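Following: one structure in structure tokens, then a few remarks.
Chains here go by letter, A, B, C and D, matching the order in which they are written, and residues are numbered from 1 within each.
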Amino acid sequence: MDAFLLQILNGLDKGSAYALIALGLTLIFGTLGVVNFAHGALFMIGAFCAVTVQRILNLSFETLDLTQKDFLGNPLKIKTPYIESWFGQDIGAAIIDWSVPLAILFAIPIMVLIGFVMERGLIKHFYKREHADQILVTFGLAIVLQEVVKYFFGANPIQTPEPSALRGSVDLGMMIGFQVNEIVYPIWRLVYFFFSVTIIAGIFAFLQFTTFGMVVRAGMADRETVGLLGINIDRRFTIMFGVASAVAGLAGVMYGPLNPPNYHMGMDFLVLSFVVVVVGGMGSLPGAVLAGFMLGILESFASTTWATTTIPGINQIIIYLVAIIILLTRPRGLMGRKGVMED
Amino acid sequence: MSKNDVTRRGVLKTGAIAGAGVALPTIFTASSAAAYVNEPTGGTVTLGFNVPQTGPYADEGADELRAYELAVEHLNGGGDGGMLNTFSSKALQGNGIMGKKVQFVTGDTQTKSDAARASAKSMIEKDGAIMITGGSSSGVAVAVQGLCQEAGVIFMAGLTHSNDTTGKDKKANGFRHFFNAYMSGAALAPVLAARYGKDRKAYHLTADYTWGWTQEESIKAATEALGWETINAVKTPLAATDFSSYIAPVLNSGADVLILNHYGGNMVNSLTNAVQFGLREKMVNGKQFEIVVPLYSRLMAKGAGANVKGILGSTNWHWSLQDEGSKAFVKSFGTKYGFPPSQAAHTCYCQAVLYADAVQRAGSFNPCAVEEALTGGDSSLPGISSAANKGFLFDGLGNGQTLYRGADHQCFKDVLVVRGKENPTSEFDLLEVVEVTPAAQVWYEPDHPMFAGGELGTCNPGA
Amino acid sequence: MLGLNKKDTTLLLVVAVLTLFAPFILNPFPTDSAMAQFNAGYPDLMQRFIIFGIFAIGFNILFGLTGYLSFGHAAFLGVGSYSAVWIFKLFTYNVIPAITLSVVIAAIFSLIIGFVSLRRSGIYFSILTLAFAQMSFALAYSVLSNPKFNLTNGETGLQVYADDPQWFHRDSLPDLPHLFGLSMNSTYTLDVGAWRFDFNAGYYLCAVILMIVFFLAIRIFRSPFGMMLRAVKSNQQRMNYTGLNTRPYTLAAFVISGMYAGLAGGLMAAMDPLAGAERMQWTASGEVVLMAILGGAGTLIGPVLGAGFIKYFENIFSKINDTVLHSWFSFLPDGIEDFMVFIVHPFIGKGWHLTLGLLFMLVVVFLPGGLVEGGQRIARLLKGKKKTPPSDGEDHHPKKPPHVAE
Amino acid sequence: MGILEVKNVNKNFGGLKALSDVNLSVRENSVHAIIGPNGAGKSTLLNCLVGKLIPDTGSVMFDGQSVLGRKPYEINQMGISRVFQTPEIFGDLTVLENMMIPIFARRDGAFRMHAYESVARERGILEQAEHVLEDMKMADKRHMHAASMSRGDKRRLEIGMCLSQEPRLLLLDEPTAGMARADTNNTIDLLKQIKEERDITIAIIEHDMHVVFSLADRITVLAQGTPLVEDDPQNIKGNPKVREAYLGESA
């Protein structure tokens, strides 16, 4: 029972990351009809926003400590972040400690801007081209973005720790009557889960209750008609691209403390997020969210010892196996609409 | 061609000569039968450095390449000579290898066996490389080693830790300076038992591919021999990026030690996840919960950041070693590049020097002669009585007295047990050496079950 | 000739001449010149050009004609390689049975995967093929290489060991893949002045096979079957209401392209007897997609050009390091030399992915028809100067291949 | 006994009754029009005839054989060709190739693996295709990209493709929808010509009364999923029920 609950919890947490990425992907596909292979790269850039903020906050001046020696036997250089010298060591250290949440503020404008530039500069020209062309050009873009990041930040992962107040884990099991150590879960993963759910809920509310959102939804259903009504749907779609880009970026910023960002994390998520989107049904926002959580939970359960001893290797193939089964039994994924992306 | 000294004027000149050549068909010559593949004929000799330049291990590859460039500089008499000054064999004169200036070509393994073989082939076939070296994973090492055996050139493995490289996949043309999974287990287990007690229950997470399996097998055997119990061993997919679903059940499994048989990105993420779950703050079975990372690398430890603090593991070499060889190497590497070398850099530097030295001593670039010089000797490591304790014994390259063993072309030397440092003074100062395990303690016979199955074969000089 | 019209015969002849004389064409620079860096005429890379050319031609029969975008074709290549190495291990190093079996096994595999995947179309089809290929990769990399049942030898790759049975192997035969005794890696090197040309047995085997399969591809393109496949791409609805069952057509195309992939995989193993699991990874499948589109999907020669282009990049550009750069710019004053190296540095050597990514984008943005379209535009420009009337309706008939790439 | 017999066909979509108790008999070598207001179930009925939909109950017999449960291509092979509301042609192919495909389908059946033969050597097929193109007065366009033609020409091509199969029943789904007057008239003339020259049965679904009354021998009026009346054109014109249900609305 406790193991079951633990994996459900873990699945929801994993799933929230999948859902968040798939949501952005679906927003772009649903509004613009563009298959964006660079979406993973946006996620990665988001994570590197956090790295950048951390680097900026850690900009330091050096003083020589003559009592200690560095690896070459020279006096050791001690680095002190400017921030600590400006605000005093306590406040400075606290600011650095909270660099990941601070990075959210930094990431939103940056990601929206990247989204705008991408849409206006490149994607715009591909609305009428074949999906294969869209895939290729965004794939090329993804490679370029990832190589640029690698050029500046290297290939190794870089730690972006969570604030120390949110570090460590809580024994959730004890709160609801289980034994000690039965259901222990990291605080930041819970934060990530609630953060994702908030963003997802925010996007749905935005589309549901604002006039802007209503026009966008109408445009997703029937672009031409909305265009005929004299509404400048293109500009709204550009904004939606910015929003989708920001969602991917935020998912990345918050993901950093879970697993240290590296330049290829976007590609690692790309295939998976496409599977999620397709399982959910191309163009369906609720489908993407549902499929994200579903695959997260299934993945968690497939990695239990029980599952891997029953079917060896099930943890390696579960996602794909589920995708195959769903697509064969439900031709358009869980909640897909007819005629979308079938030619 | 990537030779250092080609000037543009040189190009024009050769171009003109070549142009004349075409006009005279009488000078058509099929290349004469050489004694061995890529026999260097001019005043230079070309080595092939095959390292990951793209993909997840690109930073290690870059560090390997730095070490090779440094080694070439030293071999050609440049720089401060580095470990050439401390190396016990004094055959090298600083005038290249056998008087031939050392040049090099580079290739990108992409950490894929196919790509690595392609770039190695290109260096052999196109650039005339006489020796291939480098690499950052066992799959690549075994694949390229096999290729070099077929092609008839020497392979000096870079970073490869799987038992198979000098076990069931050993080849006469291939040589490994790096330690292996068995040695990690043999060095680590006594330290673990001493620090954490003999009554421990271990939970393994293992990367689900060849290296992970040999690592798990080795450490399991070594710890169980000292009284530990293995509660569970779970395989994790290589492509996994998040290990939460594997870590979550650990705490409630009855285990009080978690052993992460992961490397590279897998290690960084699984360790980060394990620390996140607060495992190290828990008490299980009345003992402090501990995490162990059998194979450490400083570059990867950097990715895991503060999470490595206090965590034990083993490593091939570390820059903080205080022997003369290590100090000399750190000094010349640090002076040139501004930061200390990694263990990958150290191994690659050693391999390049060892190869050059073997050629010099053999008096020939012929792979068979090189093999004889590198492992064919009769010297042996003190304190080990074994018929297999035979090969080329040297010192001064960092790990104390080292034997290049003839039976399987594996180096035997001291292995370091290290721990993540609690109070690092700089971004490089992440690990501290806890114990230097003497070579005798990590010794094994060539027919040890974990290494059995392969055949060294005979050296292949190609042509 | 051979039942081809004049244009196709010319195309075939051009391909034949290019492949037969590739050792000369690809090694235009003297061995000791700085430009020798760009020589691609060494056996391994020439073999790769051909093998990936075959792979891309096959992929294009599916994608170019029917429009079904498979993201899992590398699986068939991998399966082909594994089959071939198993033949080497169990029976003989002779490449004929190995290649034959790799084609047969790949056909069976693609029949099964195609039968299931083709129940869906569009991106759903793509994801299904991707899922199958990723499953194959994951299994080959780990589960299928466990000590009890080691089918793939996992991370290291499947290779021949000395203690393998090799029942039909005799000591008189080479201890490497061979064709009735002619070792695949035997190379005849011709030195002409400063130039050097390699004639490799394995390469010529590949070249002959390429010519055969290229000829077959032309026949397929020009056959009623090929026309039906283009009709599938154009309008499936009309196909169905014209009394044609699209499923067997697409399945046949899928299996044919799977067989091409298996052939490529078998040849790969025959040139280098090792089969690694990464061959089946989705990035490898993505690579052949890029090859086809970069060269010009739906054209005959395009995929071959695309394959050559990408492999050239991977193998030649990745090997340019800073030392080489310095030697290129050494004629410049020191400061400028360093500056030039600094500028070029991010794009070469370890930065070859960046250059490739940028090139993809440029080609897709400006040359939607791939390199073939680029060639056609150049040809049209040249023609325009000679004042020949503009010609229409040459869409499916690529002109003489442009002399780029390769 | 007609060539096409529809008996007691019902079709529901969820709770919505699209067709209820539809009976229809199309006589051989006649032009039978099915008319009705929007949402009357015309398209649903048509889709039931060609295998795209399967009725919940009832039977559809073509020349004594049931078409129910057969795939569209099988039904086509039985001798039923369909022309779509918006012309469905092979846009990426040339006009000549468009015309060859149905002829291949007629000769070789639903699938044949003729991957090694050359199209250029299929003299018989080429000749037939050229012949039909001439009949359709499109011979000069044979090397054009089908997608680049005008809508009227596409319609012509589609009808030609169907006729080249020499079907026994030709189904037309609003063949003049969205067409300019001139194109409509051309299409009417073409259909009249076909009707005169060939032994062919035509069933036509149409909105445009001008088209219906120029062509039809017999008319069925469909309203709310059920046949209101079936009669000759003259009688339909005067029928008050039809006026009420349909003509009044469209007038």
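What to note about this one:
As a convention for this text, a contact is a pair of C-beta atoms (placed from the backbone, for glycine too) under 8 Å apart; a residue touches a chain by one contact, two chains touch by 3 or more.
Here is each chain with its UniProt name: A, C = Branched-chain amino acid ABC transporter permease; B = ABC transporter substrate-binding protein; D = ABC transporter ATP-binding protein.
Note that the structure is predicted; figures quoted are calculated from it, not measured.
The chain pair B-C and the chain pair A-B differ in C-beta contact count, and the higher one is B-C.
Chain C has the C-alpha centroid lying closest to the overall centroid of all protein C-alpha atoms shown. As a whole-number value, the distance joining the C-alpha centres of chain B and chain C reads 33 Å.
One inter-chain figure worth recording: chain A and chain D are separated by 51 Å, centre to centre, where each centre is the mean of the chain's CA atoms. Each chain gets a centre from the mean of its Cα atoms; for chain A and chain B, those two points are 36 Å apart. With centres taken as mean Cα positions, chain D sits 74 Å from chain B.
Shown for chain B are the residues that touch two or more other chains, namely 58, 208, 235, 237, 239.
For chain C, residues that reach two or more other chains under the stated contact definition are 138, 142-143, 353. Of all residues in chain A, those that touch two or more other chains are 316. Contacting chain pairs in the structure are A-B, A-C, B-C, C-D. Of all residues in chain D, only 50, 71-73, 76-77, 81-82, 84, 88-94, 97, 100-102, 104-106, 108-122, 125, 143-145, 161, 165 touch chain C in the complex they form. In the complex of the two chains, the chain B residues touching chain C come out as 1-11, 14-15, 17-22, 24, 27-31, 53-54, 58, 61-62, 65, 104-108, 112-115, 117-119, 121-123, 125-126, 137-139, 142-143, 146-147, 150-151, 164, 168-169, 208-211, 213, 235, 237-239, 453-455, 457. Interface residues of chain A facing chain C in the complex, by the touch rule stated above, are 35, 122, 125, 129, 131-133, 135-137, 139-144, 146-148, 151, 271, 274-275, 278, 282, 312-313, 316-317, 319-321, 323-324, 327-328, 331-333, 341-343. In the complex of the two chains, the chain C residues touching chain B come out as 30-37, 39, 42-45, 48, 138, 141-143, 145, 147, 153-157, 159, 161-163, 176, 185, 187-196, 198, 272, 274, 276, 278-279, 314-315, 318-321, 323-324, 326-328, 330-331, 349-350, 352-353.
Remark: chain A residues 2-3, 6-7, 9-11, 13-14, 68, 70-73, 76-77, 150, 154-159, 161, 167-169, 181-182, 184-186, 188-189, 257-260, 262, 264-265, 268-269, 299-300, 303-305, 308, 315-316 touch chain B in the complex.
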